[in-house]
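First chain A sits with chain B, and in the next complex the same chain sits with chain C.
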Partner chain A sequence: MFEEFLEDIAQKNGLRGVNTYLKLATGLGAIILCLLSTSYFSPLFIALILTGSILVLARVDAKTYAGLFIVPFWFALFSVAGIILVSGGQEVFWRWDPFSWLSLSITRESINFGFLVFCRVMGGMSAMCFIALTTPMTDIFIVLRQCRIPEVVIDLAMIIYRTIFIIVDQVKQIYNAQVMRLGYSTFLESIHSFASMCGAVFIASWDAGEDLIRAMNARCYDGKFALLGETRPVEYLPLFAVMVFLSLSSLVVILSKDMTII
Partner chain B sequence: MSSIILEARDIRYRYPRSMEAIRGISFHIRKGEKIALVGPNGAGKSTLLMMFNGMIRPDTGIILFDNQPVRYDTASLRTLRKRVGFVLQNPDRQIIAPTVYQDVAFGPTNLGYPETEVREAVTLALRHVGLEGFERRPPHQLSGGEKKRVAIAGVLAMDPDVLVFDEPTGGLDPSGSEDIMELLDELNLEGKTVIISTHDVELAYPWADRAILLLAGTILREDVPEVAFGNPEFVRTAHLSLPTLLELYIELQKRGFPLPEKKPLTVLDMMHIIEPLFQTTCCHTGTGTITVCNVDKDRQELLSAWLLARPKIPVGAMGTRAKQCASNEHIPLDFTYGVIDKCILKALLGEDTLILTTESMVERVYTRVDAYVTESGIHITVNPLAPGTGRAKKESGRQP
Partner chain C sequence: MHIMEGFLPWQWCLLWWIVALPCLIFGIYRLKKVLGTDPEALPLLGVTGGFIFILSSLKLPSVTGSCSHPTGTGLSAVSFGPWITAVVCAIVLLFQSLFLAHGGLSVLGANIVSMGIVGPFFGYAIYQALRNTSVNLYITVFLATALSDMFTYVTTSLELALAYPAEIGGIGSSFILFMGIFAVTQVPLAIVEGIVLALVFKYIITLKPDILIRLKIFSEEKINATRSDA
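Coming up: the complex of A and B.
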């Protein structure tokens, strides 16, 4: 359970020193381009480049990175299977009408569309991973403040961020204590153990909340939260790389707009 | 003598729906002092500490800071909390912000310092605790000792006059504890008054200028550590243990060695005391007898009668059931830990002792005494309380 957080990887990744805006522009730009593209090729192209930069530039362990794709991969696979069967088209390869109101078919158009959706998911995932693995939350808080998000929201987000780790730590301890005393051994026992863990964590969190108020008061809390103000400067090389990536991807989107798999 | 910075006058406090936690405490703390509040769990140490920066308001009595009674309106509390920094026992509960920099900057920012001053205060505080370069790290990635340092830096950044630490070494490894204690010394040398609460006697003994022994919400003793911890009676009443060095000193004293008046605070002091003793020789009188009572087998009446016949005999208890038995029978215990060794020490002084113990631990008494006897060549007799309940009676050791 909870061996490593994405956040921990992000804190130590090779692109930590790059300006946050550049990284966000890369990730968000890639997501938008994936959504705009009408062919399967450009999302794959984006996924390939981003994966390469995550593995090579950010020096994220390949196994960890692959692990992140397991759940979305299967999710996308099943969704796409559904899309292919349900959506119709002109050139029918296979057709089955189990009921009068339901007809399943595989057509050239549905395969093309399904594959496009699948590639978009993969492209989007790699862009999301790029942001998650290279930009720690602490850097995003600075961007949020510079974007004039209300201070209350940011302060709350920061306290929540800080508290998550404390609560997860508590969950870990309670979970281990339960396992050591043979909790989770049978299905019913698991339900029971989980419920009592939730109760214990709730009480512990409540306690932690009261302590938080005390800790803040002890340090003269007056509604202000310090923020590590400066972001790292924009350097020419990363800026150039991001511009090349985004324009190249846009070009691919435009050039490959009519490309289909079959 | 420097002036008084904190003073309590007959303060009392009761938590809602519970026992009185502080029952009439008065004391004062001078500027630049190192004070250790020592007491067992639930003695009221933390409650008392929380009063120093106005987190808890006493029900009756007053607390004075810098000779002014503490007032509890928001503005006064802010001033007080700026000057009295409080470091909680659990740094996880004290660190609020997602990065080290933000957390240390929390106090100064809320005090309304301009940005450059905040930055300066943070840099200074982090340098103080030796965490330069940790600014951007999130607290959950730090080790226990580092977290503690961040918590301390967060308080130092407000530049308080008094620093209050609740269990400063709680949960730290020995070297981490030593580092923290050294940091406290350093802060003290810079003129800050440092107050710690602890139940670690070994830690407080060499460190503190003055120790305040708390028990059940009252002050049991308030003095320099040599005196405060020097009385075994008090220390036992406070559910604490004697510092090893003091215990050694007292044992030497009992054996009639000529010792200097000043009690040892450090190993160096102790060596200074011991070295001249090698020239003199110890004069052994006859040894005492250790009697073993097996509380699982021996009858209560027998024990009571035996004790009645020997008033003032030192009694030790080993094992939970034995201690329970002693408290049921209202037998005052002289030793509750390291019992066998303490009884051997007594026997060497020629005094008889009684050990209350449980079935499973009887054998251990014999084994330990046998081992000592073989090693030292001094004869000590161990007897069961009722014949036939101990080990098959056997003369332990040989005559010297």
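Coming up: the complex of A and C.
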């Protein structure tokens, strides 16, 4: 699970040099349009365009990108099945009443609604992946500071960001050492090994965090992290592309508002 | 348990953001106060945040558009209280969306309310009720963390039921349906999380009890008594 964070991909993607605000406007705009969609077509359209951008422009490996969708795809599929069964409708294809308080049915309206939710999840996920795969966290910290998010929150976020990598490294080392000593051979042994790993990692990370604070204090840390980063200029071509994408997607949302699958 | 991006209608996304924001603002106020008096609490907050990130990234599928995993928020609630936990959780949930495509940005408000606010509040309430009693320290930690985890799932089920009520029986039926599905996966996980975090406390008490004393999580007498019992 922790072999490769999306952050690692974002650090070397093909859109790394594009202005952060443009990328965030694309991703957040797409999420809002997906949520406002009343037909399945517009979220699919948005997902298609953003997937193309991620694969072609950001040059993200297709297999890695597809892997991100495996879990959401199954979750969305099962959840939509649940929604279809309970949401009801006028034109009933199948119905079963197991209890007085629960009726399960498949209707034309519920299939259309379920498919809309499924497409919204796929569209929303591709928009979120667009931000995650093209915008490194360090760039987002700069945006947060420019948006006047309280310093204490940004500092805490940066400490957590750093700690995550320390913890993941230690977890990998300790886990491998435990496996080599049959640490996870039975269920009870697994709980014991996992707990001792968590305890050891907690204490070691605490020490690493204290060392960091001591090192920063020695360098005149005044409660505010220095954040180095350049604000990349807004170039005409990416700006034009984002405006075309958002306008076209809005148009598709409006024009396809009554479209249903059956 | 994180709700996925795009799963909730926009009205519910907005409502949960409106519910989460005042808690976050108060949490930031408390955070400033704590760091103002004890700047060295920052590394522990970072470690706690990193811990929540790792624990709540261990996801298992469940069948309701979400996923089951330990939350780890009980540890933060016990160490820093529920308000600061809300802020730590909000940061962790944002990182999970952007590092692992786990959760979402529009549904962040809903996820903060369930995992960062309601769950930790229940965990903290249990901890406060038991910390100065004769109840064993490990049982206190077990109950606080396990119930914090369980109430996170109850809240998410409620959020899903409110957004997608059943045609017959409405929100109540939908809630029972979502809870029924989650209980199967989450009750054993909550118990395991409680046991794991109780063992983590045991480990900390054995090796570095000064952490718990400095943060006033438990009294020195109680920690010493627990150490001598072991």
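Definition applied: the second predicted complex is superposed on the first by the 260 of 262 C-alpha atoms of A that agree within 3 Å, B and C clash if a C-alpha of one lies under 4 Å from a C-alpha of the other, contacts with A are read in each partner's own complex, and residues count from 1 in each chain.
Following the convention adopted for this analysis, a residue touches a chain if its C-beta (ideal position, glycine included) is under 8 Å from a C-beta of that chain, and two chains touch if they have at least 3 such contacts.
The model shown is predicted, which means the values in this text are computed figures rather than measured ones.
Q: Mind checking chain B and chain C on superposed chain A, clash or fit?
A: Fit - chain B and chain C, as placed by superposing on chain A, sit side by side.
Q: If you stack the two complexes on chain A, which partner ends up touching A:34: first (chain B), second (chain C), both, or neither?
A: second
Q: Once both structures sit on chain A, report the angle chain B, chain A, chain C from C-alpha centres, rounded to the nearest 10 degrees.
A: Given the fit on chain A C-alpha atoms, the answer is 80 degrees.
Q: Between chain B (first) and chain C (second), which does A:222 come into contact with in this model arrangement: first, second, both, or neither?
A: A:222 sits against chain B, while chain C stays out of touch.
Q: Counting only touches as set out at the top, which of chain B and chain C does A:212 meet: first, second, both, neither?
A: After superposing on A, A:212 lies in contact with both chain B and chain C.
Q: Tell me which of chain B and chain C touches more residues of chain A.
A: C
Q: Touch check for A:132: first (chain B), second (chain C), both, or neither?
A: The answer is second: A:132 touches chain C but not chain B.
Q: Going by the contact rule set out at the top, does A:150 touch chain B (first), chain C (second), both, or neither?
A: Once the two structures are laid over each other on A, A:150 reaches chain C alone.
Q: Contact-wise, after the overlay, does A:260 reach chain B, chain C, both or neither (first, second, both, neither)?
A: In the superposition, A:260 touches no partner, neither chain B nor chain C.
Q: In the superposed arrangement, does A:159 touch chain B (first), chain C (second), both or neither?
A: Both: A:159 reaches chain B and chain C.
Q: Applying the document's definition of touch, where does A:123 land relative to chain B and chain C: first, second, both, or neither?
A: second
Q: Going by the contact rule set out at the top, does A:140 touch chain B (first), chain C (second), both, or neither?
A: So A:140 only meets chain C here.
Q: Once the two structures sit on chain A together, report how near the CA atoms of chain B get to those of chain C, whole Å.
A: For chain B and chain C in the superposition, the minimum C-alpha gap reads 11 Å.
Q: Report, in rising order, the residues of chain A that make contact with chain B in one complex and with chain C in the other.
A: After superposing on chain A, chain A residues 7, 137, 159, 161-162, 166, 208, 212, 223 contact both chain B and chain C.
Q: Enumerate the contact residues on chain A facing chain B in the complex.
A: Per the stated touch rule, the residues are 7-8, 11, 136-138, 141, 158-159, 161-162, 165-166, 169, 208, 211-212, 214-229.
Q: Can you list the residues on chain C that touch chain A in the complex?
A: Within the complex, chain C touches chain A at residues 4-7, 9-10, 13, 28, 31-32, 35, 39-40, 42-47, 49-51, 53-55, 57-59, 61, 63-67, 87-88, 91-92, 94-95, 97-101, 104-106, 164, 166-169, 172-174, 176-177, 181, 192, 195-197, 199-200, 202-204, 207-208, 211.
Q: Quick one: in the complex, what on chain A touches chain C?
A: Within the complex, chain A contacts chain C at residues 1-2, 5-7, 27-28, 31-32, 34-36, 43, 68, 71-72, 74-76, 78-83, 86-89, 97, 101-103, 105, 117, 120-125, 127-129, 131-132, 135, 137, 140, 150, 152-153, 155-157, 159-164, 166-168, 171, 191-192, 194-196, 198-203, 205-206, 208-210, 212-213, 223.
Q: Quick one: which bits of chain B touch chain A in the complex? Just the residue numbers, please.
A: Those residues of chain B that touch chain A are 53, 55, 77-78, 81-82, 86, 88, 90, 92-99, 101-102, 105-112, 115, 118, 135-141, 154-155, 158.
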